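What follows is a group of structures, each given as structure tokens.
Both complexes below contain chain A, partnered by chain B and then by chain C.
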Partner chain A sequence: MKAYIRSAVSISPQNTFDNSSFLNGLAEYQGNRLNCIEPDYNEIIAPKLNRRMSRLIKMSAACALTCLKDAGITSPDAIITGTAYGCLEDTGIFLTSVIEQDEEPLTPTAFVQSTHNTAGAQIALLIKCNYYNNTFVSGGVSFENALLDALMLLSENEQANILAGGMDEITDISHTILSRTGLYKHGPVSNTNLFLLNSKGTIGGEGAAFFLLASKPSEHNLANIDAVATFYKPADITETAQHISSFLAAQCISASDIDLFITGNNGDAKHDKVFAQLQQLLFDRVPSANYKNLCGEYPTSTAFALWMAANIVKANSIPAILGHTGVTKNKINKVLIYNHYQNIYHSLILISAC
Partner chain B sequence: MSTVVFVAGAGVITGIGNNVPGCVDALEQGKTGIDTIKYLQTNHRGQLPVAEVKLSNDELAAISGFSPSASRNVMLSMIAAKEALDNSGIKDIPDLRTGFVSATTVAGMDKTEKFFADFLPDHSKGKLRDLRYHECGNITAMVAEKLGIRHYMSTISTACSSSANAIMYGARLIKHNVLDAVIAGGTEALTKFTLNGFNTLMILDEQLCQPFDENRRGLNLGEGAGYLALVSERVAELLKANLYCALTGYCNVNDAYHQTASSPEGDGPYWAMSGALKMSGLQPADIGYINLHGTGTQNNDSSEGTAIKRLFHPRYPKLSSTKSFTGHTLGASAGIEAVFSALAVQRGLIYPNLHLQTPIKEFAFIPESGFSTDPELKNVLSNSVGFGGNCSSLIFSKL
Partner chain C sequence: MDTLIADLKVQIATQLKIKNIKPEDIGDDEPLFGGGLGLDSLDVLELIVLLRQKYKLKISNAEDGQHVFRSVRSMAEFIKSNQVQNQ
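After this line comes the complex of A and B, so read on.
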């Protein structure tokens, strides 16, 4: 089960939507909330449709349409999305009106757009795609589940072109609530000093990233997805290391074959300990890079990480803003993305140069 | 890649019964679970009938092992998933890679509503522990932990076709040798959010719903959960005595017509049924019974009926909508109906379509009005259609 990434498009708190440059300078943020830098949607989605869509749907649709265009594909054979929170904005609007108006007649617009499959459905509707359509809502591995589904579909149908994406949004309500749960840092913080504070909490982020995946190579492929795996609440670092070792062994490689280890460090001292321990245990000589100082923490952040990794492999260079430790090899062949979300959901994505 | 996946267990809880025997009894006796609202705290009590599971949160907690303050969604999921797991015998086989794939549309919205009532006037208020059930994936994880399943878990949400896609995904994980066994289906509890949502869409029937009736007025909501235990061929051989049937066909398509409406030609359900038939290698004439999506809305029944006409005319199988018993249980409906369909093919059961008075005039078929048995029943088709154009069909075949 492998897939070529034919195109990749991301809307994130960085200037990522325009693929003509690749992370050419860091968008800096003060505070614990990183919102997406959004394009002019009217250039991508018909204004009549655009007006009715929530921000998450616009971000997703803009990425999806651009991804298809970049890959030169009018309609894919499957649309698969992953989102932990789904359409928070519409859910919040409808829930607020149910409660504040005490179940008096309300308008159904926000309700019908609140279902988790709205992004996948709206993309299908925009391009009239009648094929396979699925939405995973598996917390911190929602995007990874979508990828596994895509890899399985590609092995079921080698001719298929699959559009897969991950997305989650921050709303004022979700940011307030997640702040109260202690997920975010209190006090002054910036994404430029995220990894220097050694304190509790992280910074909130959001984003959408879509990929056109195919089992057949083409001229412009960015990279190859070799494998994806998830595991749940490992007992300790030994179990985590075992999962990673057997994941690599199944691909007939070892940790030393990894040219770049992209980790889900998010600035929370306790959360990040796992990555430091693993670096010592398995990847002591492997260069590593972070990504959550760019996009913030959210459950489908690995979609951003995959977008970044695919571009690194394609460009064979690591953008300076990643603050990585030196890569010595001439060619970046294999990149491993390892993330965990609140030490509950863990995931591994292995990609390689084409 | 292996090609066959077997059904080795089933678990279900709905407004007509708290387990498989309870639901089958009600289906045989033609007893609907749709009634006036008793448990849901809503202003629509007395006005909108629904099919509630006939247990309070305290009673559900006692059976499920969750705290009475947990979401109904997670308790319903636990009860049905545990029945499917226990009843499959897969726990007795050591070292299986077992997964849990569950579907839901609004997860623990019942608790989120409680939180929001306090939170909206004052953002520092509201018990955060009530929000543990808000994320769909959390419900799956909580139940998986209680079931002792850690190897793989996944959650799917494609509106009213959600649990058909969970069953498909579970089956494919087995075929791709990712798992040996999987508990797959879905769960949904009634909430003010969904009741008011469907009410504002003006598609709720204030009387008992009449799916596939010429004079149908809309749907009644319901709640519940339904799961199948799916196993690989290798596991099936070890479990021979316990097998229900095989899952021989499935197909997921998108109607891509409208966010909430189905195409008048029924393209989505037509493609889903055709795709499932193609996969199973069956002809339309091989299908003995269709468990309809049959919500009772003008749009759904007309669209689904047209799709059936296109595929089956002039030889129609027996068909019925069991939503006339269970109400429309949204993310759980395809899981519940998959359980009913698997039992139908295993035991030769044909369920009635309650409250049918005048069959839809433009169609040449008439849904079943009474319960019957058919020992010759070989293949059962189950349809689901959801918001966003998500349509999926499943085919269960006799062993």
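After this line comes the complex of A and C, so read on.
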């Protein structure tokens, strides 16, 4: 079960949509909320078609269409998306309308587009793709489950081209609710000092990233997805380390074969210890890098991490803004992404150079 | 009537999130569906709710809807005649 990443496109709080440069400079944010830097959607999606789309749908559709264009494919054989929260903006509009209109009949658009599979469906409508279309809503491993589905489809049909993506948005309502749960830091914070504060909470983020996956090699491929795995609520660091060792052993490699360890550190003193412990236990000689100071914390942030990792492998260099630690090897062959969302959903994505 | 038509154009543009055409550029007799506005069946539902929320009017059957939603002027005529009846 392997897949080549033929193209990858991301809209994030960094300047990522324009693939002409790769994380050249850090977009700095004050406060605990990072919002995406968005392109002019009218240049990508006809105004008549995008007028009804919410921000998340536009972000997803713009990434998907550009991803297909970059890969030279007009219509894929499957569209698979992963999202934990779905179209929150339309959900908020719909629920607010229910109250404001005193439960009288409402306009249908917000309701119709509040479902989780709207983004995948809108992409299919835009490109008139009537094939397999699936959306995974699995909390902090929604994107990983979309990837696993894509890998399984590719193992069944080696000719297939699969469009897979992960996306989640942050809205005023969701930011308020998640702040109440203690997910975000209180007080002054910036994405530039996220890992220095040693306090509870993190910074909220959002983003969309799409990938064209194929099982056939091509000179244009960015990287290869070797394996994806998830695990749920490990008891302790020992169990987490066992999961990782087993995952690597299944790929006939060990921790020392990893050239870059990308971690889901999010600056939350409550949950970040595991990353430092793993660094000591398994990856003491492996360079490591964080990514959530770039995109913030959200359940499908690994889609951004995969976009970043694929570009690192393709460019064979680690952008300076990642502030990675350790001595990098001459050739970055294998990159492991390890993330957890609120120490509940844990995931591993292993990619390698083509 | 002219004021009602002008108001309706703004309300339609807002409700249907039409951003590429200014409300005043929508023709009084321009077909709302099948024309340059690019409206579809979901927009019919939006317009039904618009009439209900703004003007307290209901479309009694689907056949009426075809005439009412032909153009901005036909919508305005429907509103004017039914509001007179309601009064």
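FYI, the second predicted complex is superposed on the first by the 351 of 354 C-alpha atoms of A that agree within 3 Å, B and C clash if a C-alpha of one lies under 4 Å from a C-alpha of the other, contacts with A are read in each partner's own complex, and residues count from 1 in each chain.
One rule holds in what follows: a residue touches a chain if its C-beta (ideal position, glycine included) is under 8 Å from a C-beta of that chain, and two chains touch if they have at least 3 such contacts.
Only a predicted model underlies this, so the values are computations on that prediction, with no experimental measurement involved.
In the superposed model, A:T107 makes contact with both chain B and chain C.
Legend: residue contacts after superposition of the two complexes on their common chain; A:K48 is shown touching chain C, with no touch to chain B. After overlaying the two complexes on the shared chain, residue contacts for A:L196 are found with neither chain B nor chain C.
By the touch criterion defined above, A:A269 reaches neither chain B nor chain C.
Of the two partner chains, chain B is the only one that A:T96 touches; chain C does not reach it. Of the two partner chains placed around the shared chain by superposition, neither chain B nor chain C is touched by A:A315. In the superposition on chain A, the residues of chain A touched by chain B in one structure and by chain C in the other are 105-108, 112.
Across the interface of their complex, chain A is touched by residues 1, 42-44, 105, 109, 112-113, 116-117, 119-120, 123-124, 128, 131, 135-138, 140-141, 144, 150, 152-159, 165, 169, 172-173, 176, 178, 192-193, 196-197, 200-201, 252-260, 267-268, 271, 386-390 of chain B.
Those residues of chain C whose C-beta lies close enough to touch chain A in the complex are 15-20, 38, 42, 45-46, 49-50, 52-53.
Of all the residues in chain A, the ones that touch chain C in their complex are 42, 47-48, 51-52, 101, 104-109, 112. Taken in their complex, chain A has these residues touching chain B: 1, 79, 84-86, 94-96, 98-100, 102-103, 105-108, 111-118, 120-122, 124-125, 128-142, 145, 148-149, 152, 155-156, 176-177, 180-181, 230, 232-233, 344.
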